[in-house]
């Protein structure tokens, strides 16, 4: 019995056996299918025609995910650790909305959070490589966190001031019905999205808008610059051997270096045999 | 008495005592609350229901900020220097609009400038780190000031010429009612905001628009490139090798230097093997 | 006869003879002309007036391309290899739509795929240089493929979740008629395109939109950062120092190396002063 | 008399005398004033009220520019060279439109090309510094010319194919009235401008749009990456001394280097005195 449980564990949690890989492939397909059903169900034309079919399918998918969740809990050597891991919570979330939908009418669309389960796709692709790439991105993001905070606080201050000014200049008559709405307009403009649902009508407003746009166009450079600089240094960092030269302390060397290329010192001098 | 004034100074101006930190936290909360009140008051539905309440709260906040401003003036060792410092002026601005609002009806919305006081948030977070990051950004911005001026003058020339051309091509019938409006359109297009409140209708106008868009899409690269290059060099700037030349004591060298480039001395002579 | 075939081959397939260059120039002109005819034919006003003329021209162009395709097959030393090469398939595609148009009415507009043939323009310009530049770009793109996959999967997940949330918040009344439509809106917003055909109407929706826009504005930095870092390293990649170590003959070193990092030999021993 | 002509030349063409600087300042002011008049004249409300005044001012400005152009021709040592230089042609263009306006009604708005004269502003600011910065930008742009050509040809191909596909999918009923219009839509979408004057209505069209937007969002990285990489290398290039080390051929050194920091060789060995 325990043997069977271990084999199940290998199939469900790992991808290095053929059976495990097949399981993951099928799982991804089922997740994708359940997403398509939720999406189609939200289209009015399809909903009216196939409401029953969609309902049945959704319950079937929910049942499958519930069984899968149960099996994962059952065969995992440390069920609690799994249950509170990231993937464990996501797997639970994939089942919850259907049950909530029995109580709240709209909850069924929350099934779309199942899309988060699609992250498993990285496991089916060559996992290692993608994880190391994601690592580069995360290192760069972490390195730029503080700079980004400074940037976001500045942007928030800017849109609030710009929004309030436009509310005073244009006023409710021209669509700027309140300060929050004006701030929404400032964000739409500064990020260069530009819906056009609220636009300046007066010359003074258009002049201020011009200022906001040029500002937005210029400071789009800031996050890019921050991230590029950090990413470049993260990539450089990963390409090099970190080992201080015993003579001159040069910290980074080519992966294959045997001697320091700044001072000619052997990087790994052999210890003379003790007498 | 003077002792009490010094303690007050430590609480209000510094964040390194628990009381000082608590004071700053509460101050931020009050500023945030006053901002929320100004914003909600601008929403018509809320204004009609709670006008009295909002008015009262705004006066309460103004009173609090006035008292705070008075205390800062009173306990500061150099009141005049504080009054004309950046933060001193911002603190004064936080009180003024409410008083101006007694005379001008719209002035009350200028209370939103209180958002600038939110910059104090950096003092509550780990100040030092953020300031050093902001320093990097400022160094990069200062280094790119001239390049940005060249860029902005070029862009201004472009939008004026494009705007005038569109005014001649499309004319008032298609929404391009004057040259300033056409320049506004050119800015909206070049910055890729694209409201769509004014759009070209004639084939010739659409062709020129295409040119403007491609131009804008391409030159968005320029500020990004400028800023990234400056930021990278600002980050690299702090990376000079600190190692005094054993012969002439030159203290800073390029990261990769093997010989002193002032006197030609090997920087890291290898130790002769001990006998 | 075979000699004639070889000369034809040199003219049609190569650009290093005057005749070959003239042939390529004319070919580009004819392709361009055929594109213009397809475009003009799609404009209703012109179509009604010149339908017959356009039809005639299109058949003439198709005939010319068919003859060219036949000649290429005839004079190529390895006709099959040509037929299944990239350019061979593109050349076939340039002829197919006209024939398909006899059966399907709309197929004629597929003639626009002839634009792909315009890539031949690089052959007329100084080919070599452009290809080496394109190589840099391709190396950078290939190097960033995995990072871009991670990025695209993250973006897809984001827009699906944001779209579903907006569908629940705003609902069909405000234009978010289904989850796919809401995802379309999320893409329009996140990429900062911002058509404005669907816009949030409720305060909650506007708040979520603000979040989506700021997200989009920030993560626009990611592909730029990835690509810039890769391009910079692709450019640097060709910059290794070519100088054989006088001791061990290792041929490539870091630009700044003073000593061989395989054997510790000084790479540039100074000449002893002549007596 | 000739002395007077030389002094006039110094005033009009140079900025290093107080009189020359004052002349340039006034000239900029007059150009700016003439631009403002052209702009205001295009606003209907002002035109109807002040048509006579504007007409008078424009003739006065034109007269002033004509006199200035005459003086420049008169006092320049090489009048023909000036007349066909960049600034000479721009100065002529500043006078022409008013004369053309006697014949063509709309030509008067071409006076806006006077904005190009504003480039003289760089001469009033500290010229040298700005020119060297502009040089950096130009070097970077020139270095990336070929990569940008490859990029623009690819983008043109993309928008043509996408435009034709959308024309087939959506058709004239949904606003895609012809292939050129559809290409215009593709440019509007790919550059993330997004006017919203033409938007996809069918699910298939929205799906293709999504593809176009993601493409545009991703390839915005390409020109930025190209330009950043080139600019960074242009900046690095300008910071370094170009002088190959006589021993190891290292090409770039710090501005103050006396010895090569890779091999310790004196960069400028003194010639031994000949006997």
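Which chain is which? They are A, B, C and D, in the order written, and residues in each are numbered from 1.
One rule holds for everything that comes next: contacts are C-beta pairs under 8 Å (C-beta built on N, C-alpha and C of every residue); 3 or more make two chains touch, one makes a residue touch a chain.
Predicted model, so just to flag it, every value in this text is computed and none were measured.
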item: Chain copies touching (chain A, chain C) - same or different residues, decided at half shared; value: different
item: Cα superposition of chain A on its sequence copy chain D - rotation in ° rounded to nearest 5; value: 180
item: Counterpart interface for C-D, drawn from B-C, A-D or B-D and sharing over half of its contact pairs; value: B-D
item: Chain centre separation (chain B, chain C; CA means) in Å; value: 38
item: Intercentroid distance (Cα basis), chain B paired with chain A, Å; value: 28
item: Contacts with two or more other chains, residues of chain D listed in rising order; value: 180, 183, 192-196, 220, 224, 226, 228, 232, 262-265
item: Chain D residues within the chain A interface of the complex; value: 192-196, 224, 228
item: Complex contact set, residues of chain C against chain A; value: 146-147, 149-151, 153, 156-157, 160-161, 163-164, 167-168, 172, 177-180, 183, 189, 192-196, 199, 203, 206-207, 209-210, 213-214, 216-218, 220-222, 224-226, 228-229, 232-233, 253-254, 256-266
item: Residue ranges of chain B touching chain A (in the complex, touch as defined); value: 35, 38-39, 42-44, 106, 109-110, 112-113, 115-116, 118-119, 121-122, 125, 129-130, 133-134, 136-137, 140, 148, 152, 155, 180-181, 183-184, 187-188, 190-197, 220, 223-224, 226-228, 230-232, 235, 243, 256-258, 266-271
